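Chain nomenclature is as follows: A, B, C and D, assigned in order of appearance, with residue numbering initiated at 1 for each chain independently.
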Amino acid sequence: MTFHIDGTDKTVIAGGVRIGGGNVPVRIAGPCAVESRKQIMEIAEIVKKAGAEFLRGGVFKPRTSPYDFQGLGWEGLEYLKEAGEKTGLPIVTEVLDPYHIDRLVGQIDLIQIGSRNMHNYALLKAVGETGKPVMLKRGMSATIREWILAAEYLAASGNGEIILCERGIRTFSDYTRNTLDLSAVPIMKKETGLPVVVDPSHGTGLRELVVPMSKAALACGADGIMVEVHNNPEKALSDGPQSLMETGYRKLVSDTEMFMVKKKV
Amino acid sequence: MTFHIDGTDKTVIAGGVRIGGGNVPVRIAGPCAVESRKQIMEIAEIVKKAGAEFLRGGVFKPRTSPYDFQGLGWEGLEYLKEAGEKTGLPIVTEVLDPYHIDRLVGQIDLIQIGSRNMHNYALLKAVGETGKPVMLKRGMSATIREWILAAEYLAASGNGEIILCERGIRTFSDYTRNTLDLSAVPIMKKETGLPVVVDPSHGTGLRELVVPMSKAALACGADGIMVEVHNNPEKALSDGPQSLMETGYRKLVSDTEMFMVKKKV
Amino acid sequence: MTFHIDGTDKTVIAGGVRIGGGNVPVRIAGPCAVESRKQIMEIAEIVKKAGAEFLRGGVFKPRTSPYDFQGLGWEGLEYLKEAGEKTGLPIVTEVLDPYHIDRLVGQIDLIQIGSRNMHNYALLKAVGETGKPVMLKRGMSATIREWILAAEYLAASGNGEIILCERGIRTFSDYTRNTLDLSAVPIMKKETGLPVVVDPSHGTGLRELVVPMSKAALACGADGIMVEVHNNPEKALSDGPQSLMETGYRKLVSDTEMFMVKKKV
Amino acid sequence: MTFHIDGTDKTVIAGGVRIGGGNVPVRIAGPCAVESRKQIMEIAEIVKKAGAEFLRGGVFKPRTSPYDFQGLGWEGLEYLKEAGEKTGLPIVTEVLDPYHIDRLVGQIDLIQIGSRNMHNYALLKAVGETGKPVMLKRGMSATIREWILAAEYLAASGNGEIILCERGIRTFSDYTRNTLDLSAVPIMKKETGLPVVVDPSHGTGLRELVVPMSKAALACGADGIMVEVHNNPEKALSDGPQSLMETGYRKLVSDTEMFMVKKKV
């Protein structure tokens, strides 16, 4: 079997921004969920001013409980798009449902497949067929091999524009929400050649760990950092405790500036 | 929030067979995947004769690699149905894709949601809307709470006909394919009241452990045992090493006979 | 390398009681820690009357915090011995410190090495040299291979009188204190031939799970069950929530009676 | 209860070198085990020349199998001391057995307690009584709280000269030997104030990951890096695959030079 993903160094271009392949690492930031027009517009301004290259925001949210806030859906997408256009930031959002792909794909710059769906092969195949740049998060207990093969599902369906995202794995450890496995950065770079982004917000679940873990991620070769930023974390409908406020995000940007350089590949 | 699933003891009826609620435990058996008409017909005869109440067989298979056998699809379903009709056994198969539900649901007796899709809320909602008896496998690293809430997704979408299936969790342990967590049987019985079936084939990955783990599962209250049986495990297209042969399955049935009694609830 | 432990079926005799080798499973019961003369005398009477074959009780306790009750030490041993003599039950207690071995070994019937010390090779070697029957608990994240090799440390030091004890492993699961890995029972029986005892008290941490997990353990071949029993769990200095009261222990004994038979080997 | 370890920033001085408290990170390097006089002398020269501040080398080795090389014992200590004196490097070695402490403690600069013994409270107490600078490795499945409390055992016995060492935890992940949990660096710094060293050699088990993980560790605040270096990894009696050769260690030193600065605390 010849794999599509063979370790060759790859640059993905999404929303006009180059990711991986030795390019300057990218910063993806925004709220866990789009909660209102006002909220996403404010946060978009914050992250744009601080120096982000992408705006993230969930519109369909995969929540553990059916009774938790499930996202604003298509209405949220309108707000996210408006915020992206206003700030000039390309937008990233997650897709949960194969039925949503056709409508979603033309409206966003980077499509995200979340941890809970890394093993959802029907979704992988459907997203693979779009050819749209896609960020594939690691499943919460996915081995390196399973993660590579999930990416291969996308590639085998015709989509090679893949970015990987390490977001912490499930272990016995109970201080953090997940255990951020940074060894996955150099491993996946070597095994796949694809860009690897790190999400220290989900990876730790604790705001105070986002800056040190971002630095660590970039130090070992990450091609980008995705973090949750909120204008009012205490009232956030999801993931408040792991979201940075404006000051925190500015500090993150300034503390990681030393890593914002082209890498030789 | 009032949960639909509240611990009240529940009997699910699928294909005319009563599961849970203190009824005699059920035996679900069959191959990992339907591989041919001949194969499923032979295996159906074997498990029927030995004493199974349900015939299982995958027609759409969620495989870690996109290059592994993905199941026979709708053709496989025809064979499975024929085998079910011939032997009089109700049939169980897994659904992976929301697009398949409508076509699948009327043709089978019990719909299975696999481990990889326990967190696939789009699929849970869609299956929930059918009202069809459904067996929800535990995600490979799902906590008890997450598993309960996944069931609640089904219930909240209108489907209370839920059977739970413990199939092993992912741990550091490397002797077995998964670590069968039998404490989940009494825990889920108490927390949900729903029938709980155990799958020692996936739970251990080793044929020789299927009989002892089946006995253990029934001893602590399982409402059923689902095992993989193959007529030629060495040539099986998937899960050969954990599949029982005819003799093995007969031994399982006879060794667990002492547990095949009504329980007081 | 020829291993001392080679899978040959083994009976260990401790305090005159035969364990393993197809003999009737044994019941080891008693408090987590000896807390007072009165406490251990009362509990010894309870478990003796109910049907236990061994009395357990910690005198040196390995506690996670240095500020938690560390056991009564040698004074506790005197009480334990007295309780054993009064009831005629052989006694089991844990050794933590190589310096204690000489003094301890002649006074007890079965020496226990706890989970925290399974990898403590200095202790294993020292206990190995005594030739005293020893119960080796599985380390909290020990693989099957590591556990076998820890037993081999004992055997290589001259002590083949080894009983293994599965007591739960550490996983992501947070409902129970540990995840009881019952597949270890048939696996260790086959790989080592040694008697395997199960400790559902530590294995689950929840009193209500002790009976179902004891039944499951015996159903899959355990040679014994070790459970914590306390006369006043709410005031217990350690492990109260997982300790059975007199009624609970009586129920355990009666619910597991069906498994109290000789097994063919 | 007032804890001895209360988060106050702490500098430990071992062999005249200051560790933690905002000082320049230290480099500890050397073979897994002292194998011969020649081997340790050569490696000592290599790591000294490259820029290490400490020489490590096991003389008593805690091996999973009793039949693997167990270290040269006291003879090995003589070689290690000689290598330390020749190069002027302070020496670090592990203690396994309370009986060895008295003889060992005056001859070395920093005493190590290994992962397998983090829960060995008899050893912790005995080492605590010496007052000798000690490096406490995290147990392979120790939670943050358990690790803190193990350090508290040392402190409560009178020894506050504690350095912590993150060396990877045991998870389902099978690509690496362990999962290096770098979030433990900022967490333990905050919770204890003690110096935190990272061991990427055991943390990953793969030579190629040692450099990127060292960079990541230092980027998130580690006070030191401990790595295995061997002059002939292919013939190493233990841990060959994770040991760096001379060139690799020189690269590590040069690639991490940017982090070799005083930190404000």
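The rule is simple: a residue touches a chain if its C-beta (ideal position, glycine included) is under 8 Å from a C-beta of that chain, and two chains touch if they have at least 3 such contacts.
Bear in mind the structure is a predicted one, so any value in this text is a computation, not a measurement.
S.K.: When every step has to jump to a touching chain, what is the lowest number of steps that links chain A to chain C?
M.R.: 1
S.K.: Between chain B and chain C, what distance separates the C-alpha centroids? Give it in angstrom.
M.R.: It comes to 35 Å between the two C-alpha centres.
S.K.: Take the average of all CA coordinates in chain B, do the same for chain D, and state the distance between these two points in whole angstrom.
M.R.: Centres of chain B and chain D (C-alpha means) sit 48 Å apart.
S.K.: Quick check on chain D: which residues sit in contact with 2+ other chains?
M.R.: Within chain D, residues 141, 145, 170-172, 174 contact more than one other chain.
S.K.: Determine the shape of the graph in which chains are vertices and touching pairs are edges (line, ring, star, complete, other).
M.R.: Graph shape, chains as nodes and touching pairs as edges: complete.
S.K.: What part of chain D is in contact with chain B in the complex they form?
M.R.: For this pair, the touching residues of chain D are 141, 170-172, 174.
S.K.: Using the touch rule from the top, collect the residues of chain C that touch chain B in their complex.
M.R.: Those residues of chain C that touch chain B are 141, 143-145, 169, 171-176, 179-183, 185-187, 190, 203-204, 208-209, 212-213, 215-221, 258.
S.K.: Which of the residues in chain D end up touching chain C in this complex?
M.R.: Contacts found on chain D: 1, 62-67, 96-99, 116-117, 119-123, 140-141, 145-146, 149, 152-153, 156-157, 170.
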